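Here chain A shows up in two complexes: once beside chain B, once beside chain C.
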Partner chain A sequence: MKTFLFLLAAVTLVMNACVSELAPVIYPTIDFEAITSTTTPLTIEQRAQMNGIYILQEGRNSFGDTVAVRWDGEALSIYTVKSVSFFYARGGMRADSARFIGYWRAVQGPETGEVSLNILASEGGKDLAAGKGNGVGLVLRGEVTSPGSQRPTAMVLTKIKALANRTRGFEIIGHRGGGRNSERLGKSENSTELMLFASQLGATACEIDVYGTSDGIPVVFHDPTFTPRTVRGAYLIGDISNYSLKQIRGFVRLVNGEQVPTLEDALMDVVDKSSIRTVWLDNKDPRVVDEILAIHQRVMDHAATKRRSIRILFGIPTVELYDAYMKSPLKGTAPVLCELDLASVRASNAVVWAPRFTDGLQSEIVEQMHKEGRDVYCWTMDDPAFIVRFLTEGDFDGFCTNYPTLLAALFYTRKDLK
Partner chain B sequence: MKRILLMIALCIISNVAAKAAGDTTAVVRHVQQSALEISISGGPQRTFFRDVTTPLTDQRQFWGLSATGKIMWHPDHILSVGVLTGYTLFSTESFTKDDIPVLNEPFQLTLEAVPLQLALSMQSGGFEINVGLGGYFLSSTFTGGNAVRQANTIFEIGVSAQASYMFSIDDAFSIGPEVNVHLLSNRGILAVAPCLRAKWEFLRY
Partner chain C sequence: MRTLYKLMSLLFCVIPICTVAQPSDTLNIEHYVFTTHPLDAGRGVFSMGAALTILPQPLTEYPTPAPMLDMRWRYGLPLQTSIYGRAGSNIATTLANIGLLWSFSIGRGSFGVGISEMYMYGNITYVDGFNTIQHRWATYPMVAASWSFPAFTVSGRFEMEYMTSQVRTIADQTVRTAQDQLNGGSLTLAIEQPFWKNTHVSMGVTLNYTRNPYQAWFLFNTFRDKMFYPELFVGFML
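Here is the complex of A and B:
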């Protein structure tokens, strides 16, 4: 009888051994219209004046000692290393003071809350209104709410210096459209929604994956097969290349409800609706190389009509892709990012070499690539210790990361960049 | 469903009572003997999906059917081991072309599976509980309005469990009610089937 009961208990255990779902994250509802309609937008110069490294007098417990404050288009962003959080705020000047409201969000957990910040006339507001000085000493003063806390807590930041930068420039590249940890963001990986959100996370670029459907249409999707990790919909199983775009559009959605985007639609949206300046196409399907290159041409033509500066890199991650690219009649029509050996980088005339970080700093090769006029992007950098080491000891032109907020916070606040 | 469970409970109670009264209709293992047996079971099935099956509806529950076959080796112990297979229809849905503007043609979708599992079971009196460990050949079929039929099959890890109560027909045959459960946790599919089960001990040694 004991054995019988044991077996019954084992069956019960197995039947209940399901992975628990992540709780949905509910962003605070902010009335941005109320603040933008009652303030004057900052000029580009005023935004540059505000950009900088700030130290926290209040709010250290939640967000650490030092943060990066950076304007991205109309949005005021703050990136923190501690708790890896980003702030998204809108607002502007009111006479010789300024006011901003928005929300903050920890990207590695469900924490979120509201934020309101002011610049008083006596704490840098007058200089900001007049466009005087470099903004050092400017004080952002306000409060944040936190989950489970009834009362807002004070937050006070003071600008101490300009953001760290790099002469050659640097790309913060959001992996899979903005970060693989997207299940915490309410936006699916490789969705158009995540690509348009990536700059809020601190990304200046995004890497997206490209597969072909059965009817030869490039779509943005990471895995070769449909699985519950990436999609909702019971009937599409097995290889993505088994299904037409119409079947995919009709019977499946990404895990957060978005459509699987076609490459062309996604890139057009990135051009039209985001500030992303580089897109890395991580091509997975040699069958659709010509279609991808044709789409690249159409999107770049569209960008030109919009006077939009953007670089879309045709990625070559495998020998199969390399062979397909080299045989393509459209070879040479798009800038290439090559992840293979140096001979392949040179033969494909790649403008970017992208080694994996586990190969180390490779300083001599990176220097040689720079001499040849090529950039070097390293992937995939998620660990803070590695990011700091590669930023300070290496000479890379960009990192692909699942945590653009973390990379942005570390990059902009570093003191000893090359 | 409640009626079926009540029937099973009544069968168990009546059998236990019959055993206490010296009745011999309940299955009693032949002690000191090993045996090979085949059993089949089948019945209607209710399938529960964790998520909606298509973006076109909110439906998560479907009627299907379950048929299971097992070949088991009974050593001279309470635990027996064998192989479980069969067929299970999880869901089938039909859509008109008005339902799917993007396709502009009617479609019928079917999700079915063939389990292939290691079966472990235990008996106590006429009561038997079984666990199937292994997976399912999960198959999805699209039948389009233009008569195109497209099937895709993958192997998916899953488990099953069966609980039955058997009544002897004769020395080798027995029959009884069974509850059959299929779980494909990665796919978010749980299926429960009240079944009728028949068992034949075809070799005893």
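Here is the complex of A and C:
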């Protein structure tokens, strides 16, 4: 009997060590060069013509009835509510037709697969090539592969109308640069690579976390310490603030192999290489407030030379940050996003108030903030039921989410937005 | 934290090993809650103890233990049936479960099928920032088996979890966040044996494989992946 009990003890201990990890996602390898070298890139007008709400004639079982199609730079993106999937495709025109290839990924699970889509000349290709019309009736026809399925399945979608929008504008804010490591996006949370990819996930903005190193350099990182959740190996132990940038660069890689980015490098890359229009700095370290504000100024100067329109918000999430900001000689040089009470929002002259979504719609306060010329962003919205409720009954100017794909799909395809 | 959990789990198993009573010719099954041996009609068994799990790290990001006061009971009915149930609470999560079991014995072995319904109430409005209340209903069909040795009884249960309703309230907003969803399943392995004088002890592990662990209800989980996590329990039948 004791043998049996010891066996149970051993099994229990082994089970403890086996507490769940999410299955890794293996993205398909797509030869984008093969398609971009044999097609003509769409013009900005042609891309705008393709953007819209599409209904699915084929592929509903996997991706639902309605999806949002939206170009971002050179990439054609599709966002679905059902299965919360994004499509990333490249391609262009071939005479009176168009061809796109890429992959799709369901971001709340491990599923991914390849996609190929065509626009035939007779199904809108001719009008697209000529730049005629608004694209309604245009048909994307092709197929997708799915994990575990031997044969591709058909996917046919038809544009029915333009993407929904909001008069005041709306920010789809990717949390931690676009999503957490647990979303398995192939790019680490708070990495420059993820920030540059965020718009393909549906984000128009991203929230990033900022700590300071021992030599006072702001870096983009979420946790106060290095852990297996965020970095490979465990070569550095303890607080980030104990280590210099050189030590961090020498011993730490993010879970997908990237460097821990400095705030300045990351923001410069976002300005130069992405279409992100707002960056929310979720500042964690009151010691480096002055350095962050100085970086903000340099990055905005750089953006001005590039004629790049971008808003970088200095986040105040805690009383400690608030106190440090109010004492800073650089106070007032950056637009502020304040998560604290309304008195702090007003005292810091914040341009954005950012309450938790668990505080509810707060319609009267939101209206008051709008009257005072401030935007209101809500965080962190991941549940579709709450997103729909807040989109339709609230009057927020943006949501921070771990699933910009889901929020984009819900936002662009809703009918009853304010 | 995980080291602490491993130490606790070791204690969960070692303490009862050290207190095993002498082998007996009687099966002692009338004292046990997990066994599927039919209980005499009108006889009840009650167990009180604790359950402990570490929540799946993809959800919590950091190892987060979730202890719970855990009570289980069983009451014999005619026709080899019994009602069984569980109640537990750690303030943030409170649950009550009641079900019906039909079982039969063959020698020292016994087998049964059952079904139970669970109501769970979650409330962490008192924790800054969460401000969330949840009501959840779930159905658990079950197959179970037991085998009695002279000094102890081993039982196994396999349960599916079918979540019929999950309603969440934050501030002034209430939404239904899940409905009619096969959430996952669990395998429970339990040992029950005499402990001290007329008291008996049950201990074991439930190996959960679910999408939306009830212990992590407040995390607004959106993963479709099912996650594995064990839950240890020990109870004393007085």
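One rule holds for everything that comes next: the second predicted complex is superposed on the first by the 394 of 418 C-alpha atoms of A that agree within 3 Å, B and C clash if a C-alpha of one lies under 4 Å from a C-alpha of the other, contacts with A are read in each partner's own complex, and residues count from 1 in each chain.
In this text, contacts are C-beta pairs under 8 Å (C-beta built on N, C-alpha and C of every residue); 3 or more make two chains touch, one makes a residue touch a chain.
Quick caveat: nothing in here was measured; it's all calculated off a predicted structure.
Engineer: Check whether A:Leu236 is in contact with chain B, with chain C, with both or with neither, and answer first, second, both or neither.
Structural biologist: first
Engineer: As a test of reading the superposition: which chain, chain B or chain C, is in touch with more residues of chain A?
Structural biologist: C
Engineer: Applying the touch criterion given at the start, work out whether A:Ile26 contacts chain B, chain C, both or neither, answering first, second, both or neither.
Structural biologist: It touches nothing on chain B or chain C.
Engineer: In the superposed arrangement, which partner chain does A:Gly109 touch: chain B (first), chain C (second), both, or neither?
Structural biologist: Only chain C; A:Gly109 stays clear of chain B.
Engineer: Let me test your reading of the model: by the given contact rule, A:Ala347 touches which partner, first (chain B), second (chain C), both or neither?
Structural biologist: neither
Engineer: Just to be sure I read the superposition right, which of the two partners does A:Asp383 touch: chain B = first, chain C = second, or both, or neither?
Structural biologist: In the superposition, A:Asp383 contacts chain C only.
Engineer: Quick check for you: in the superposed arrangement, does A:Ala34 touch first (chain B), second (chain C), both or neither?
Structural biologist: A:Ala34 contacts neither chain B nor chain C.
Engineer: Which holds for A:Ala130: it touches chain B only (first), chain C only (second), both, or neither?
Structural biologist: After superposing on A, A:Ala130 lies clear of both chain B and chain C.
Engineer: Using the superposition described at the top, list the residues of chain A that contact chain B and also contact chain C.
Structural biologist: 1, 4, 8, 11, 15, 17-19, 227
Engineer: Spell out the residues on chain B that touch chain A in their complex, using ranges where they run on.
Structural biologist: Where chain B meets chain A, its residues are 49, 51-56, 78-79, 90-91, 100, 102-103, 107, 109, 111, 120, 122, 124, 129, 131, 138, 140, 142, 150, 152-154, 159, 161, 181, 183, 185-189.
Engineer: Name, in rising order, each residue of chain A that touches chain C in their complex.
Structural biologist: That would be residues 1-2, 4-6, 8-9, 11-13, 15-23, 84, 106, 108-110, 180, 182, 227, 229, 356-362, 382-383, 385-386, 389-390, 402-403 of chain A.
Engineer: How about chain C: which of its residues touch chain A in the complex?
Structural biologist: Contacts found on chain C: 2, 5-6, 9-10, 12-14, 16-17, 20, 54, 56-59, 61-62, 129-132, 149, 151-152, 154, 168, 170-173, 175-177, 189, 191, 204-205, 207, 220, 222-225, 227-230, 232.
Engineer: Help me check something: in the complex, which residues belonging to chain A touch chain B?
Structural biologist: 1, 3-4, 7-8, 10-11, 14-15, 17-19, 225, 227-228, 232-239, 242, 246-247, 249-253, 257
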